[in-house]
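Below are two complexes that have chain A in common, paired first with chain B and then with chain C.
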Partner chain A sequence: MADEALFEFLHMEVVSYLFKTADEEKCIPILENMGYRVGHSLAERFTKDSSRFKDELDIMKFICKDFWTSVYKKQVDNLRTNHQGVYVLQDNRCRVLTQISASKQYLEAAPNYLAFPCGLIRGALANLGISCIVTAEVQNMPACKFQIMIQRSQ
Partner chain B sequence: MADEALFEFLHMEVVSYLFKTADEEKCIPILENMGYRVGHSLAERFTKDSSRFKDELDIMKFICKDFWTSVYKKQVDNLRTNHQGVYVLQDNRCRVLTQISASKQYLEAAPNYLAFPCGLIRGALANLGISCIVTAEVQNMPACKFQIMIQRSQ
Partner chain C sequence: MSRQAGRGTEAKKVSAELFTLTYGALVAQLIKDYESDEEVNKQLDKMGYNIGVRLIEDFLARSSVGRCHDFRETADVIAKVGFKMFLGITPTVANWSPSGDEFSLIVDNNPLTEFVELPDGHQNLNYSNLLGGVLRGSLEMVQMEVDVTFLQDALKGDSTTEIRLKFIRRLEDALPAGEE
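Moving on to the complex of A and B:
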């Protein structure tokens, strides 16, 4: 319990500090970049004793189960793919959103809190050899869909 | 294990971001302030079901044991007081410092990583009704002494 609170409170402070001090359009990339570096380091740590992954889907399952559980104390609720390089991870109770009021007026604040998790996924996947773009979409708080578009080298 | 890494990596990113972007003399107060707000919220959460504290020393023991264990996974190693409003908390393996090389050349970077924990202590104590100034001193990495000076209302 305490750990989660510690991370969540620090994350909220960082978001709030950035939106108070940096240019608004720079805040999201800054948070995404922090998430990337943290996700990259975490994936390195989590996988150092594990066996090789079979394929891309195997890596996605690792992200949805082990990685998500370590970071957010729950698994991703649903993983879908179009088998053409797009994966959608659905979290029905996204921890970063459960701290915000679900009323509509706060819906526009949601992306500020999703930039870090998007970076986290992108960084973890980069560490595991997958280059991608990650975006998040909120439908009904606190549910969230992360879309991962794999970038294949030409 | 994972939680600690998550918090620590984010904390390191925040420190590194601030020292890259903000004026150097402003970084320490910003980090201290973030720590204050996080510590304040954590103390609120940790004590919501606990009984009242007997006295100031009882609160300090709570900080050294329960609070420190929740945040840094270990107790403070030594607590001393001059019984005149000064308390010294010694942590022989301060977690924020164990991530930095112990070689002398990095000693000057240590205060950058101690501003947040100083704020954390000050915020937690403020929530418990104690107004104070907290400073940190590093002697031999990764050992650290936090000095708490209680501010009595005149």
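Moving on to the complex of A and C:
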């Protein structure tokens, strides 16, 4: 029963540790991979009692509602898709950013803090059988858009 | 930050798993980054310290705990309020030294190690060393210098995890202006 503050501080510490020690261009992939590991295990634990998902959209809804609520205590605010494998999740108050800024200040630091959540999503989806690429985009903190591009195996 | 009182136990449990798993991913990364277990311990302690100096603010703001008058009171607050608030467990305070400046926290079910098995060849790794750093950092912010060591570790085959805290001194100089 860890308190959420503890997780937030840990996440900040992990980010700052990596940017102090690893090469700049390696940090984001490392953070993303850590998120992937965590998301992968979490998805397994969250869905162990739930019924089979109907389709891709059903899985996305699960990510937006249950997964997001469990991890960030709120739902994703908006889910959009082009029906060709691209989904956009918009979170108007992304928890990892709310403590940092409410404007464009520190915008350059945002990607560092979003790599882990991106990995979380990718890991969770991978566990549910969807391989994808997840990127994050911020224009004005604390709102954030996660773009999920599904890779179909031909 | 929202702190709803009615938060379900399920959500709390999940956030604990998120923390445990993230911590595991961090330790795995540190083991990759450093040659020796001692270096990993050191790094975990340092990160714990950085967390502790911030966490104490959160703790003092949310609990109505005032200044502790002796080390026994401090021990009680750490075990019954601090650990309870952040990890949802209450370690036992035991093994006081005769002079009252040393005690042990006995942690029966360490949430950090919930999904962990230590592979061979990491006998020197203190998996939960972050906790030591957190204790050290947060106590330093309330003018107490302490020494934290792990005497027993359930991951290494001991029956419990025992964290030993030793009071070194009061940090008089660091007292903020206006306080006695």
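Here is the rule we use: the second predicted complex is superposed on the first by the 149 of 154 C-alpha atoms of A that agree within 3 Å, B and C clash if a C-alpha of one lies under 4 Å from a C-alpha of the other, contacts with A are read in each partner's own complex, and residues count from 1 in each chain.
Throughout what follows, a residue touches a chain if its C-beta (ideal position, glycine included) is under 8 Å from a C-beta of that chain, and two chains touch if they have at least 3 such contacts.
As the structure is a prediction and not an experimental result, all values here were calculated from the model.
Touch criterion met: A:5 reaches chain B and chain C at once.
When the two complexes are overlaid on their common chain A, residue A:58 makes contact with neither chain B nor chain C.
Of the two partner chains placed around the shared chain by superposition, chain B and chain C are both touched by A:45.
Counting residues of chain A touched by each partner, chain B versus chain C, the larger count belongs to C.
In the superposition on chain A, contact of A:71 is made with both chain B and chain C.
Overlap of the chain B and chain C contact sets on chain A: residues 2-7, 9-11, 13-14, 17, 21-22, 30, 34, 37-38, 41-42, 45-46, 70-71.
In the complex of the two chains, the chain C residues touching chain A come out as 1-2, 7, 11-26, 28-29, 33, 43, 47, 50-51, 54-55, 58, 85-89, 111, 115, 130.
Listing the residues of chain A that touch chain C in their complex gives 1-7, 9-11, 13-14, 16-18, 21-22, 30, 34, 37-38, 41-42, 45-46, 69-71, 73, 98-99. Residue ranges of chain B in contact with chain A, taken from their complex: 2-7, 9-11, 13-14, 17, 21-22, 30, 34, 37-38, 41-42, 45-46, 70-71.
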